[in-house]
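A single structure is presented below for examination.
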Amino acid sequence: MKPRPTELDAATSAARHQASDTTDEWRTALTCIEPNKILVRGYPLDEIMGRLTFGEAIYLLLVGEIPSPGMGRVMEALLVSFIDHGATPPSTLAARNTATTGAPLRACVAAGVLGFGRYHGGDIETCMQFLDSGLALVREGVGLRDAAERIVQKYVDTHEVPPGFGHRFHTRDPRAARLFQMALELEVEADHIQMIRAVEIALHGHPDEHGRTPPVNIDGAIAAVCGDLGIPPTIADALFIISRVPGIAAHADEERQRQQPMRQIDPKDHRYDGPSARRLPERRK
Amino acid sequence: MKPRPTELDAATSAARHQASDTTDEWRTALTCIEPNKILVRGYPLDEIMGRLTFGEAIYLLLVGEIPSPGMGRVMEALLVSFIDHGATPPSTLAARNTATTGAPLRACVAAGVLGFGRYHGGDIETCMQFLDSGLALVREGVGLRDAAERIVQKYVDTHEVPPGFGHRFHTRDPRAARLFQMALELEVEADHIQMIRAVEIALHGHPDEHGRTPPVNIDGAIAAVCGDLGIPPTIADALFIISRVPGIAAHADEERQRQQPMRQIDPKDHRYDGPSARRLPERRK
Amino acid sequence: MKPRPTELDAATSAARHQASDTTDEWRTALTCIEPNKILVRGYPLDEIMGRLTFGEAIYLLLVGEIPSPGMGRVMEALLVSFIDHGATPPSTLAARNTATTGAPLRACVAAGVLGFGRYHGGDIETCMQFLDSGLALVREGVGLRDAAERIVQKYVDTHEVPPGFGHRFHTRDPRAARLFQMALELEVEADHIQMIRAVEIALHGHPDEHGRTPPVNIDGAIAAVCGDLGIPPTIADALFIISRVPGIAAHADEERQRQQPMRQIDPKDHRYDGPSARRLPERRK
Amino acid sequence: MKPRPTELDAATSAARHQASDTTDEWRTALTCIEPNKILVRGYPLDEIMGRLTFGEAIYLLLVGEIPSPGMGRVMEALLVSFIDHGATPPSTLAARNTATTGAPLRACVAAGVLGFGRYHGGDIETCMQFLDSGLALVREGVGLRDAAERIVQKYVDTHEVPPGFGHRFHTRDPRAARLFQMALELEVEADHIQMIRAVEIALHGHPDEHGRTPPVNIDGAIAAVCGDLGIPPTIADALFIISRVPGIAAHADEERQRQQPMRQIDPKDHRYDGPSARRLPERRK
């Protein structure tokens, strides 16, 4: 029988090692460290510095190759899109509740990352699988609209919203719209984006009692874009985590700088006092 | 007497709230969320997407303003410099040991972030204080070289290496050299970088029994650059955490994709099998 | 359509709150805090102190009632059984790798807890479901041995070991045997323990090429005992986490007290130098 | 010069290992694992099961020896005293905010443990040092009352409350009183408890504008008791973490069972609906 991997195997594995010299064959393709030399996926890290952006270096590290300029720009936009969503997401509140106890910043960031549960960012992976199920139909010869109609039906029947859709706060997520626009302009749009748009249209045929249908949300937009960039779901999940860490760190730092320790954090009880709406400087447009 | 902030105050604070309507005056200057609108430090998030890089958006979120182009490029290089340091740092091993148990990616990342203890990345903040102590002397009229000599003396006396210096593996950290070069070219070099160089020279007067002196390491380089960019130590700490998350996520993902679960992870027992050394494509130089 | 719970709902929920006074109806049945009074599941905490053991208080808090003396003793044994399994489990190594970076004890414990992935302690919940599937057959009129045979067949067919069984290190887990013995003596043994024994016998009919069959392991024993105590799988999962925290904390503390910081932790490279085998004092038997 | 322990040393240490067979001399005195045998501090784990309580086994694992019956009972009471403090401590809120995102129980527990910052449980270690500073004076020949008066003076001068004292919610912490009573009855009371009582009396001489002085809180009581049991501050810190994990797990589990996912958690907005005040059954008194 094939044994189950358990804690006890770990002990056994140690015992076996003491008896022989066989190794576990641990191989890594990420980074090679030698004296005065650091190669990330083969490229010297000091050469990358100043020549690839952080977003491009993240792509290189996770995917293995330098992205094309268009892919690189979409990658940057994707990472920026999730950078922060205000004080009320539970992951941010977990980080702030940790910060108010006087915990160090790294503990606050870890607590925030743990707050990316199934319901928080988890739609990206589910939505990729959802779109792939539609594209599988297309490859079998079903038309795009019919395929979208078919994969939507299950959710219509159970009165549920498909993954990557829906938003009670925003009726049109500005981040999703912008990401699709960029994918189009930079010519990285392909079948996943087409499928999610077909799904959006298919949903128009099934409005709720107020005549509304759910819009694509940012999870859905990122799922579609990652699909078209050839990024596998597990890497898309990593990108989501990476993209939100700055927001979590910023809130934890602000909590420590501006608030009393050991306070009771009521999510409704906050007020924005930052700069009012402003436009990017000309040189940035 | 001024009460201590403790768990029990939290309960009291809740009790007080039940009796009155006064609020804790929680204010946040980071991100404003309104229907169909997300403002990061006042800028619409969808306008930032595609116009600021992830590194520039991180600076905006943490510091409050868009960096100048030169500062932005140094910020990118700084974030790239820490992106990964191979399989053996304890934080990476914590993430891999978590991954081998079948834990989800976010749990692995959190465990890795918790492995940024005092000895791992912690030198940045300490080194900033160390350089500031030297610059305080300069402001009092002491010459740069004398100030460096004075702050180094304490470490020489106790046979310790000052924060931001030393490396048993690299004798010249390629990342530190590149960061200083960029700071010079992009004209963001100022008194902190001058001070750390003065310290390096001062250390030359105190070689060890083999005639060697410790080089500036990447923690020291980042401390000096952050000092010259006007980034406070707590934000520098946040930047360090943000910069290493992609590496931790990449190792956790690789562990899950390429290795058997519940294996014994011996840091010495790995082999790099990624691409061999290669140069950036021409268009990237 | 029923909306999906997402980050964006959180923001919406906050918005709704600003408009009305309706509450989320948050109710808790665990602990009531009033001035100079703390009631845990209705019992004054200061009365519990000295009258219930920690194990009994854990049962009270999680399950809602004080256990019978027999159940209380089995609960203590169950918590003790997992208290530590040496230096090599990946969760312990995650905690030690965190400790070696100089991180505070609570960060080390958190990293260790994160190392309870699917393959590490996760068998308890799976095994409970496995036993329940057999007991469902029994309730339909199938005999105990036949039911065990049937639920084992799937694993025999795929050459896999059922959850709660198998051990490459111990051929007879001393903890499992002791837990079953205590359950019998204290008269808490019921249908789940009978089912896991029937499964063990059923497995004897399907030896591997060396004539061996996998023994019940401690995960299986705890699953069966929790089933017979009427403890639901989610609470059994909580008990596993609680039981191992002392071991993780002890290893993290030992790492900080006895080892150099920033060392490379090789799981094979350790030696036990504690007391050699000794017997409990007479008064404890 | 003595090098600083940094990430880079970890890489070096690996490099050195590749060249030689010398080991890091990793020794552990906690648990010895051999086939079919598990020794905790020398005692077979299966013999401990049913003979030591969980609290006694925790003491054995952390301190190295089986506690005397009196010490064991105080240890149990100490662990029970912290088991839960309702829904509002920030660590509990961090765990609940993590749970509401659909994260697994272990992630919620880790987030909760990270919420034991400097202000949350951190007083135990500080108070032990505070009491020790007084006892050092006593050893120099200063009387108990004078020593207490002296160490209190610093706090009186700065209008601060000494560590281990103060409580805005409870004016008399029922847990502290009970712990002292038990220590007295079980004859483990010694100089640390005498010192904390002397401090409490000394504070009576310095009432606030309302004529009030801060009472000993549970952190102070545990600090004094641990001091008298000979438990070092780092182990006392471990005990605090261990004692609160059941409460965190219970709240995380309740959040998942009783509340909607992705809800906004307002600490003021909850209501206790568990059993009303009840007495322990006769056999437990």
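Think of it as A, B, C and D in the order they're written, each chain with its own count starting at 1.
The definition used in the following text is that contacts are C-beta pairs under 8 Å (C-beta built on N, C-alpha and C of every residue); 3 or more make two chains touch, one makes a residue touch a chain.
Keep in mind that this is a model prediction, so the values were computed, not measured.
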- Item | Chain located farthest away, centre of chain A as origin (C-alpha) | D
- Message: As a quick test, compute the distance in whole Å between the mean CA positions of chain A and chain B.
- Response: 22
- Message: How many angstrom lie between the centres of chain B and chain D, each centre taken as the mean Cα position?
- Response: 32
- So, in whole Å, the Cα centroid of chain A is separated from that of chain D by 38
- Item | Junction residues of chain D, two or more chains touched | 5-7, 9-11, 14-15, 17, 33, 35, 85-86, 88, 90, 102-104, 106-107, 110-111, 114, 116, 119-120, 169-170, 173, 261-262, 264-269
- If every chain is a node and every touching pair an edge, decide which shape results: line, ring, star, complete or other. complete
- Which of the residues in chain D end up touching chain A in this complex? 11, 15, 33, 35, 88, 90-91, 93-94, 97-104, 107-108, 110-111, 114-120, 122, 261-262, 264-269
- Task: Enumerate the contact residues on chain D facing chain B in the complex.
- Result: 1-12, 14-15, 17-18, 85-86, 88-90, 103-104, 106-107, 110, 114, 119-121, 123, 155-156, 158-161, 163, 165-170, 173, 206, 208, 214, 217, 219, 267-268
- Message: For the complex, give me every residue of chain D touching chain C.
- Response: 5-7, 9-10, 13-14, 17, 23-24, 26-33, 35-55, 57-58, 61-62, 64, 66, 69, 73, 76-77, 79-81, 83-88, 102, 105-107, 109-111, 113-114, 116, 169-175, 177-179, 182, 234-235, 237-238, 241-243, 245-247, 249-251, 253-254, 256-266, 269-281, 283-285
